[in-house]
Structures are given as structure tokens and as C-alpha cells.
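Chain lettering (A, B, C and D) follows the sequence in which the chains are written, and residue indices restart at 1 in each chain.
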Amino acid sequence: MHLLYQIFIDPFVQMGSAPDLLAQTLWEGLVSGVLYALIALGFVLIFKASGVFNFAQGIMVVFAALTLVGLYAHGVPAFLALAITIGVMFLLALAVERFVLRPLVNQAEIILFMATFGLTYILIGSGELIFGGDPKVMISDQLLLPSGAYTVKMLGGFVQMQKIDIAAAIIASLMVASLALFFQKTRIGRALRAVADSHRAALSVGISLEYIWVVVWFAAGIVALATGIMWGARSNVSFALEIISLKALPVLILGGFTSIPGAIIGGVIIGLGEKIGEFYWGPLFGSGIEEWFAYVIALVFLLFRPQGLFGERIIERI
Amino acid sequence: MFYREAGQYKTSYRADQALFPIRQDQIGMLLILAIAFIGVPLTQSDFVIDSFITPILIFSLAAIGLNLLTGYTGLLSLGTGAFMGVGAFGCYKLTTFFPHVNIIVIIVCSGFLSAAAGIVFGLPSLRIKGFYLAVATLAAQFFLSWCFIRIPWLYNNNVSASIEVPERMMFGIPITGPTAAVTTRYLIVLSIVAVMTWLASNLIRGRIGRTWMAVRDMDIAAELIGIKLYQTKLMAFAVSSFYCGVAGAMLVFLYLGNAESESFNINQSFLVLFMVIIGGLGSLLGSFFGAALIYGLPIVLRMVKEGLGLAVTSATLEHINFITLGTLIILFLIAEPNGLARLWQIGKQKLRVWPFPY
Amino acid sequence: MATGTGAPADTFPKLLIRNADLYGARPAMRHKDLGIWQTWTWAEVLELTRAYAVGLSRLGIRRGETVAIVGGNRPRIYWSMTAVQMLGAVPVPVYADAVADELAFVLTHAETRFAVVEDQEQVDKIMSVMERLPRLEQMVYDERRGLRDYDHSRLHPIDDIVTEGRKALADPKVGAWLDAGIAAGKGSDPSIILYTSGTTGASKGVVLTGEGLINASSDTVAFDKLTENDVVLAYLPPAWAGDHYLNYCQGLVAGFCMACPENADTAMADLREIGPSFYFAPPRTLELLLTRVMIRMEDAGYLKRKLFHYFIGIARKYGERILNGQPVPLSGRLLYGLGNILVYGPLKNVLGFSRVRVAYTAGEAIGPDLFAFYRSIGLNLKQLYAQTEAGIYITAQPDGEIYADTVGPACPNVVIRIAENGEVQFKSPGMFAGYFKDAERTAETMTPDGYVKTGDAGFFDEKTGHLKIIDRSKDVGKLNDGTLFPPKYIENKLKFYPNIREAVAYGDKRDFVAVMLNIDLTAVGSWAERNNVVYGSYQELAGHPLVYDMIEKHIAEVNRSLAQDKVMAGAQIKRFLILHKELDADDGELTRTQKVRRGFIADRYDPLVKALYDGSKEADIATEVTFEDGRKGTIAARVKIRDMQTEPVPAAMGKAA
Amino acid sequence: MRAPSGTGPEVAVGDVLLSVENVSLSFGGVNAVSDVSFDIRKGEIRAIIGPNGAGKTSMLNIINGFYHPQQGRITFKGKTRAKMRPHDAAYGGIARTFQNVALFRGMTALDNIMTGRTLKMHTNFFWQLLRFGPAMAEEVEHRRRVEEIIDFLKIQEIRRIPVGRLPYGLQKRVELGRALAMEPDLLLLDEPMAGMNLEEKEDMSRFILDVNDHYGTTIALIEHDMGVVMDLSDRVVVLDHGIKIADGTPDAIKADQGVIDAYLGVAH
């Protein structure tokens, strides 16, 4: 009886009694949701274009951040480092296309999936080999990212918003917007959507798959870099961040592997759900439920919409 | 070349459907078993057995488990590690409750616990396929490993927050715990693995195996010939997790000797998945190859480095290992996406038609 | 011959009873059916055939009448023979691939009221000629498929017949009646009538008696030490004397197991599975097989190919001698042993020959290389000389006395003599009782003193004492000095050389033997490439001096081998030429079956033939030819003619292969 | 092979085995099938023909429960049924083949056909695990049944070959075999001759007739190529754009003006 109360009544009572805390939690959730969304976005881009479930996406985030910080540590000016890092991500895209995707074209999905595991290992190994495994501090100031926090007085309390988080939110939305534009307006973008439908279609558009793959992986790389910077700015940069890539996966179930808006909305839902769950229900289970709560949300959701948020109902043909 | 099939004809379906229809294969199998049961204990040092053979056997069993699910039924799972964990912790609890029940029985029974877990986390497979399902199985992974940490009851609330394998006797010989001899543990592992592999081969060659493969190859058609998808999938999950559970229990009780939740984290899942893919989806034999390769590779790499006497910190060594492993995996996938089992198959076929090329 | 209880079995039904008694639980028949080798023991076969026989008797089959059996290698086809024989009736097997006409001829000629057929196809075939078969009353079939809607008033599935028989046999009186019938069967009664696909005129029904076949079989079974442990694959038509004797008769006598393939397409695979211990194949089959082997090996990797050819070389060097138990250097033995592990063993395995103890080939002359190949890899391949009229075997090569160009000595209890015209004549235990309803042609074939004329010319080789068949006796001529001149024999010897496509030998009523040749364009062509001989056309290549040299060598070898036999030594080739065009059926130079029409060619190339004998070094010839597109034209050419040294006839007969 | 399978009362030859009444099906407003009625009598070969997009395949999918019609009723073996899952249809004795072969590509021809026996195999998990006693006996017994089918379809030499490697014509035959292995009361064939050359078509027709003759199986087949169907089937339904435009004997259909019009412009 008491337990039921704790689960079904108490949390809501708390929410009502301290709305400012609720707002705070929501904000936290929103921000981490945005970051999840960004990672999911990377997944979606690649899956859409090359049908590859890129397990390495999370690592690419860390790798990008690490490169950036590492270069700076070696005395490279911040923005130059940023530029170089972007270059590195491009080279990575090239390498992946040439040495992984091209040889494995037409292989089963799971094989490509496995290949991205291999990629993960290589990135982790080389990343740590070059820049060392110890956690590093993100050079957010040097990149002119704001620090400090606004404290908003609302709902009879105070809600604190880290400036960096606001920046994150803004950058994320900018990025999504530009990607949307890219898909809608540019020729490659259109070709890319064609590929998502069928590879043959893409060829008919007259753009080589190889080219498209490079572009997509590069785009994913940029997204990863941005994500890396944001996340790095909030915590430290180390391969511990790897875990966040796994956090982003439920977002995919929610939003679907091929839907960009799905990724965004899904990310936010997960972010919010997670924080709220952790904050209000966590104590019951002895905290740390963050680790899996996202998945539970996703699964529960799935039972009602197997095709995901934006996936349309599939009519099976035989 | 060594095959002499002329005159090996079958006069009954029973013989025609035997596990090894070709005499030369039967002989080969018997040889291998003889070597494993007699040769190895006599000739190999405890070091070799304990650091190579035993763990490889245990992981082979886990790989078989996952292979039944992913290779034969086509359901991708990333929760293997967790199911192994359920087996391990389950075994620990069971033997705590029933200290006098033979530990081998306990180990096998703990398989049922993970089978139950498997069914529960297999439920989403009724609605979703492919990578969606894979991600869903991650839920099992994270939730369960969370439990392993957060529920002290699982490790009897001891301070180390880990399983301490108690000593258990059989015929007055210690077979688990610090005092158990390497060879003893090896022989037990070997026996369990051998028997369970045989049982698995029976399953996949029979009705159940066929329904699994049917679902894998084309679930719609399978349903239209009267196969109940959910039953089939859930059974695959159950059996698969059972194997993983037993493997997990053996890993802790007959090999590691103690374990905390970390032993069953997501990396364990990926490791086993590698074994299955590299070994060959849909091949029991491949599971052994895969286990041997993936488990042995890092050790070999390390040895090579030491052999070369490279003056590198162990950290650097780790990194290099990571890179090499990653590269090898990609290279291998490119070279033979169908896994070691396929290579073996091709080789065997060549021998059968020798001297002809095909 | 081992017999069960009582008098020696002189009919096949009696033999079956004996076998059921001696080898009851041993396999008598296997059939690859429904994916596995269905097996019947001797006891089961006896039970089944008895029921079958009773069932058939219900249809009204009476002692002494004939029953047509149309089908391939299926147990029920063979059992039909036995069942019919049990009733004292005479089975008349007919080739399954016989066209309706032949079928009609045989059935009318044999006056059959009953026919056992394999399947719908045969039923339809018979139906199509029904009006020509007024006698035919009932048909029994094996394969039900597709016959469901047929009018079954005169059509019965074998299974039903057997079931009916079983029911009837419940009454002991019926069993007794059947046994009495079987016992009443006499060895001298006709056991089977085999229709020989007549090369000359309509086919003749060769009547063979049980006694004859059984005695002959007993001899050959002993000769090849066949026992109940042997296995054969029956893959040649049951209506063919060879299959009937080798598998059916010998099988029942020796009590070995007969295996039937699943169907024609799988015969090769089935051969491999069953791994027979006694094997027969006509030379053509063996040649086909060898070509397949060589072609497949061409696709092998470089190393494997090298390895293969190296060890085949080794085999050619030592293989036969090892097989014949002749002395071989240790190194040779070792190399051969190695080759056996790496090549011969596996090769025989994939071909299904691993367990073959005795293999025979017969029917036509076999090329020495072909013959040598199989023997060299350790297949105990032997030759025999046979005729339907003889019940089959006349001569056969004993183990260890194998020569590519002989057919071996007379079989046990077979008497052979060579008539003055060179014809081979024989008396044998399995000798036929005559042609069915054809006393006249029977008389033609028999000599007054009871020998059978084979129509083949041959002679006994002094060295080996083996018989050599040289030609159809009617084709054998004489040189002016009286030496025998068997054109085909000489032509065959020449044609065994891959470079020689066709050969036409002349010599009858002439002073010496001369030949006209066609070279084999592919063989010589590739030779030309290797020796960078340039040529634009067949004509050009044929006229090339180097080609002449090469051919000359071949002919020299032929002469040498001819010189080995006193009888043939006189018939060595003195002159030859290579024709400027390929002999062609379109020009009527060959029969449609690719046999040379000696007479026609003689007229057509008269100037050349003249030139061969008037000693001129070359001759001009213009011949009309038909081109691919049917246009006619003429080829004119100047053809060179070469003289050959002839070997001196060896006085002493050293033993040389 | 004639053991009746599935449930429900037995239907005598000539009686109505399955009837479709006023069935309509639409996907998001698009009418695949609208208000179609016809019946299939036991033992007959019933053809459903029509130009591409006439809703033929949808009709089959409705019959074996893969699609659920929005209106109309389907009566099979006297049982009018509401929604049912495909495997219920299979259990009830309806088997089918597919327009583009739907075999289990990873399995051998033999195993593919063996899967057709699934519904008839009942030994429990633990016997299966031991592959011994009842499990083995069952396995052997069904293998024999399957071998009869293999023999019937003359595919002995491809028994052990993974179907993925077989030529199209043979795959179709294996698929037919798999359907036969279910010993269905009603066999649905979805364009059994699609993409075949003339010779293969003749073989397939032969097999279809043999199946109907030898096993007495009721057959409903779809073809958009009229030619073959006419000499094969006892009665023909013609659909066009989801509407039934004719129903009758082949000859009647040949003469029917509506059918001719429908086929005009459909090149053959």
C-alpha cells in the first residue's frame, strides 16, 4: 500500500508542491535530451544513407572532442584546432568509405554493424594512443562558449540554467535546421533521400554511392564534433562518454532509425523522461535508474507503436 | 583427400540423418573428444588449460547460445552478457540456498533462471525486428547489470560487492572454489559443453531448429505454413539464454572463482557477438572457432609483443591491442563475411571431391 | 557350385529358394528410392516373388507362354522375371527406350498375352500400338503415377497383384501348388528370350535355358571369385544380355547383392554411394568418364594439376605392372604408394571405384591408352568377349594376364575353334537353344557339328594364348599372298592415335596393305601450334611434311605391333597417304553412325587408290564436296604418298606386351 | 498423403469447400477488392485471373488470413470465420505458394519441404532435445512423406542443395513441394508460372494437374496470363480493378465480352 503510494501518488505530490524543482528538472532533461538527439541524429544520417547501424557514432563524438582538446593541448590555437578536427573527421569519413563500406557493399546489415564495432575499437585505441586516456577539460572558453549560469526566479523558486546548456540547445537547433535545409535544397541532399529509399534510385539520380557515403559520414562527423564539444563542456572528455552513445539508442527506437524529426523529438522525450524518472522515482529504486530508464520508456512505447514515432504503418506485401 | 565415401550408403533415414553421416567425420570427432578428455589433461600445463582452453570452452557455449538466437532464428541480441550474469548470480544464490545440492546440478538449473529472463526480455521481439530488437535487448543488458550492482542480496550483501565462489565437493574432490584443481574444473566444463553442444545440434536438426531457421529466412512464409511466430521466437530466446546462463555460471564457478557485476557488462555481450559473427552465423562449430579466435587473439597479441620485447607501457599495449583487434575484425569481415565456419566448410568440400576442384 | 538342400538348382526360381535358404538374411536387392537405399534380403525377395507369381497366375499366365517385361533397372522389373519364371513362363525383356514400332514387333513376334511395364510412359507407348497387338490381354505396371484415371479392366499395379498373391498364399494349398510348379521347372526349359537389336535385318529372339545360363554363370562366378559379399550396380538395360547375365544370372548364382540407381541422372552419384565390387562398362562409357576427369582437372589450380599429372605419369610407369604383380623397383612402389594416397585413391573414390575388385569392358575394341589409364590407377579392368548367343561370356582375361589387344582365353568349359576363313566358332555351356520361332536362321548360325558361328574373325595369339578379335569375318579379306587382311583391325590400331581421325585400309586381293588417313584437326592443330607449324586449312595441314613425319612414326609403331603376331605380320602397312579433305557423312563417305564406307570411298578416290598401288610418289585428285550451306563444289589437290619400312617378322616369340 | 488435415467437418467432392461473400478490402482508401463473391468446390482447379493490379493476390491474402477484409464473410469447410491469423488458416488446411518465391533460402530443398510438415509434428521439446525415441520416429516418418513428394516432383538430385542456389524453375517446384507437404485441403497457387519459359510452364501445368489428380487436392490458382489457365482449370473467376467481372467455365470466359475488354491492351 505504502509502496503504491510512493510510486503513483507521492512523486506527483512533490511535483505540485515544488514546481520550481520540476521546472529545473524539465530543463535538465531538455538539455540532455538535445544532446541525445544530436547523437541520434548522427545515427539516423548514416542509417538513412548507407543502411549501416553505426555503432561507432558515440565513439566518434568522443574521438572528435578528444582530437580537438588534444590538439589544443599540443599548442594549436583553438579555432585552428577546430578546423583541423573537422578535417580529421573528413579524413575519417573518407577512410571509412574506402576501407569499410566499399569492400563490404551488399553485405548483410549485421556484418556492416559488426564492422562499425571494429571501427569503434580502432578509434578508441588510436584516440587514447595519441592523446592519452586521462580525462581532459573541454576548451569551451577558448571556443568562446559562454560559461556561468542564469538564475531565473520563477514559480516561487529559482531555476538555474547553465549558459553552456542554452548554447547547446541553440547550436543543436541550428544544426538541425541547416541539415534540414541541406536535405531539402541541395542536389546531394535530394540524392541522399533517394538513397534512403533505394540505392538504385540514387544511381539514377546520377550520384555515386561512394560520394554520398563520404558526405553522410562527414556530416555525421560534424554532428559528432558538436555533440562532443557540448557534452565535453558539461563533464570531462574521456571515453567514459562512450556510454552516452548507448544512451542515445532508445531515442532511435522511439524516433525510428530513419526519421530526423523523430530523432529530435525522441531525444527530448528520453531526456525529460530520464531526468524526471531519476529525480522523482529514482530514490525508490536506489538511484542510478538513469542507466536503463530510457530503455524502459522506449520499450513501453514500442508495445503501442511498433513502427516508432514517425514511422508509417507498414503494409506487408508478399 | 582423406574422405573415402564410395560405399558409404544409407539404408535408413535414421542413418541418413545422423549427426556425422560420413564415417571419416565420425572418426575425426572421436579423435577430437579423445584428445580433449585424455590428451589435453595429460599433456597440457595448468597454465595453458586455465588461461586458454577452459575459458574458450565456456565462451564457446555462450557463443552457441547467442548463435541459436541470432544465427539460427535471426534475432539480434546485445544482452548476452546480462543473461550470463543472471546465470552466474542465480547459481550463486541457488548454491547458497541449497549448499548440499551438487554444484553441477545447480549450474544447470541456473540456466533456467536466465531462460526465464530471456523470455521476459524477448517479449518485444513479437512486435519489433532487426536493430530495433537489438536495441531493445540492450534494455535487458542495462537493467540487469544495474540489478547486479544495486541489489546487494544478489551477492549475499558481502562487502566486496561480488560473488565469492564457495568450495563445493563432488565425490570428496573440490570442484569449485579456490582449492579446486585446474584439471578437475576443465573436465567438468568440457563435459558440460560437450553434452550441451550435442543437445543443441539435436535441436537445430529437428522440427524446432527448422522452425527457427524458417522464421529467420522469411517469417511471413513461416507463419503461412503454420509456424506460430511468437512461440518460436520466445523458445529461441529461452533456449539461447539458458545456454548463456549456464556459460555464465561456469565462467564464475569453474573459471574466474569470483566476479562482480562488471564481468557481465555490455562489453561481454559484444565479445560474444563477435565470436558468433567471426565464427559464422548459424554454425555450432563456428561458435567454437569464433570463441577461440576472439578470446585467444588478444592473448596472442600480447605474447607477440612480449616476444618482440617491445618496451611499451601496458596502457599503450592495450591501445595497440584495441587497434589491432578492430582492424582484424574489419579485415576478416571483408575477407569472409560468412565466418570461419564457411572457410572450414569450403576446405572440407575440397577434400571430399579431391583431386577434383569441385 | 554350392547348392542348398536337394538336387542342384537348374532354374533361377530354384536358385532363389536356395539363396533364401543359404543367405536368407543377406541383402539381395537394393534400390535408391525415396532418398535411401531400400533393401530386400533374399528371404524377403523370395516371399515377395512367390506372392507376385501367385498373383500373376491369377491373371492367367500359364506355363511355357511368354511375358513381355518393359522397363529400366528397378527391383520390380527383375522380380517380374523371377516371378514369371516361377510359373514356368518365359520373360521377354524389352528395352525401355524402344520405340513403339520395335515394341510392337517384339510383342507380336513373341506372341505375348501379358506385359509387365514400368510406368505410364510405357503403358501409353503400348496403347499407341494396341491395334497391332491383338494378343495382348493384360498389363501390369510398377509406377502408379498418372495412371489413376486409366481404364483398369486390363491394367493392374504390381503392388495389388502381390497383395492378392499374399492373400491367396494364406491357403497352404496355393503355396504347395506354386512350389510344385517351381520344382517341375526343368533346366532345359527356356529361361528367357533376349531380343538382339538386329544390326542385320529384324531382331532375333535368342532363347536361353536356365541350365545353360546357370552352368555358365557358375563357371564365371568361380572364375572371378564372386561371392555373396559382392555388390553390383545394375545400370545397363535389363533387356540387354550383358545386364541379364552379369547381374541377374551371376547374382542369383553367387548370391551377391544387386543395386538399382534412383534414376538415370543420379546413376553416377549412386555408383559412388554404393561402391560396387564388380563393375562392367562399355569402352565408350569409360572414355566419356576419362574425358570428364581430364576436363574437370583442367579447372584445378596449377599445383594440383601438376601433382595430378605427375602421379598419373608415375601410374602409367608402374601401375599396371604392380597390378599384374610384376617386379617393380622399390622407388617405383613408394612413389606409386604416395600417388595412391594423393591421387589414385581419391580419384577412384570420387568415381565410385574404390571397392571394385573386378571390372570388365567389352563390346568393341578399347584404346590401349584408355585401358592402361584405368588399370594404372589400380582398377582391375579386364576384357571379355561375349555374345548373346553364348549366353554371354566366350572368353575373359584372367587376373594378371591383361593385354589391351586381346580378349583373353576361352572361359572354362568353352570350346573355341578358328574356321579356315578365320571365323571364331564356339561351344559353350550357356549356348543358346536357338532363335525363337526362327529355325532357319538358327540353322544358319550353327555349324553341322554343333558350333556357333560368331561372325567375328579372330586368332589365338601365340605368346599369350589369348584370343584376338580382328573384324567381322565377312569383312576380312586376303592379300594376294594369302595373308589375312582384317581392315577394321588395322584401322582401329591406327585410330587409337589421337592424331588420326579416320583410316581406310586397302589390301583385299592386292599385294600389300595401304591406308588413307584423316588427321584429327584439333589434336594435330594443337600440336602444330606447339611446334609453330603454320597452316591455313585442313588441306594445308594434312599435306605438311612434318605432319607426314609424325604420322609415319605412328604407322611404324602400328607395323611393329602387327609384326608381333605371326598371323598379322604379313599385313603390315607398306604405303600411306593423308587425304586432303575430311571424310564426311554429307558426302556419303561415312555412314550416319560415322563408320567408313570402304567401297564407296574406293570408287570416289580411285586415282588415289591406284596411286597407292602403282608406286607413284604423289597423285592429283579432284573431288566434289558439299559445303556446310549445302552448296556443292570441288576440291582439287595433289596428295603425297609415302612408303613405309615394314618390320621383319620375329622368328622367336619373346614375351613382350 | 490423403489424410485430412486440420479441423472442421470433411467436405465431399463437388461440394463447396470455401466461399467468399461480398468481400471488400481497401488500403487507405484504395480499394484492392470490392464486394467480390465466389466459391471453390472440393476437388476442382479454380482459377482467379485478371490483369495486373486486379486484386488477385489480395484475394489470396484474404483467403489465407494474411489480410483481413473490412466487409464480407469467408466460409471454409462450413465454418464462417471472423479474423484469423495466417497460421490458423494453415492449421485449417490452407496452403499456398507465392508470386515471387518465398522459400527459406538458407535451408536445403529437403529441409524446406520438411518445414511444411511442422503442423503435423508433435513430439515435445525434451524428446526433440534428445532426438531420440518418439522424436526420431516422428522425424523418420515425416522424412518418408517428404521423400514421396520429392519423388513426385522429380527433384531427387537437388535434395541437399540450399534453395538459394537453385534456378528459379526448380525453386518454384520446391515451394510447391513445401505446400504439398502440408497435405492441404485447399492449395493456393500465386502465379505458379510467373517468369517461366514455355517448357517450364508445361512442366508446372503437368505437376498441378498431377497434384489435383494424385492427391485430389483442391487448387485455387492465380494467373494473369489467360492462356495456360484455360486448359488447366475447371472454373475461372475474372477480377478487374478489384471487381468480379466474370465467373464460369473456361469456354464461357473465353467468350465473355467483358473479359475480352478487360484484357484489351494488356499485352501478352
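Note that a residue touches a chain if its C-beta (ideal position, glycine included) is under 8 Å from a C-beta of that chain, and two chains touch if they have at least 3 such contacts.
What you see is a predicted model, and the numbers here were worked out from it, not measured in a lab.
Among the remaining chains, C is positioned farthest from chain A, on the basis of C-alpha centroids. No other two chains have as many C-beta pairs in contact as A-B. Put simply, the C-alpha centre of chain B and that of chain D have 41 angstrom between them.
A straight line joining the Cα centres of chain C and chain D is 50 Å long. The centroid of the Cα atoms in chain A and the matching centroid in chain B are 33 Å apart. Averaged C-alpha coordinates put the centre of chain B at 59 Å from the centre of chain C. Of all residues in chain A, those that touch two or more other chains are 316, 318. Within chain C, residues 35-36 each touch two or more of the remaining chains.
Residue positions of chain D with contacts to 2 or more other chains are 66, 98, 102, 143-144. Residue ranges on chain B touching chain D, taken from their complex, read 12-14, 16-17, 199, 202-203, 205-208, 210-211, 213-214, 216-218, 220-229, 235, 282. Per the touch definition, chain C reaches chain D in the complex via residues 33-36, 145-146, 148-149, 262-263, 265-266, 269. Taken in their complex, chain C has these residues touching chain B: 30, 32, 35-39, 272-275, 293, 296-297, 299-301, 304, 307-308, 341-343, 345-355.
On chain B, the positions that touch chain A within their shared complex are 70, 76, 124, 127-128, 130-132, 134-136, 138-139, 142-143, 145-146, 149-150, 220-221, 266, 270, 273-274, 277, 281, 315-316, 318-330, 333-334, 337.
Residues of chain A that touch chain B in their complex: 53, 99-100, 103-104, 107-111, 113-115, 117-126, 128-129, 133, 246, 249-250, 252-253, 257, 285-286, 288-289, 291-292, 295-296, 298-299, 302-303, 306, 308, 316, 318.
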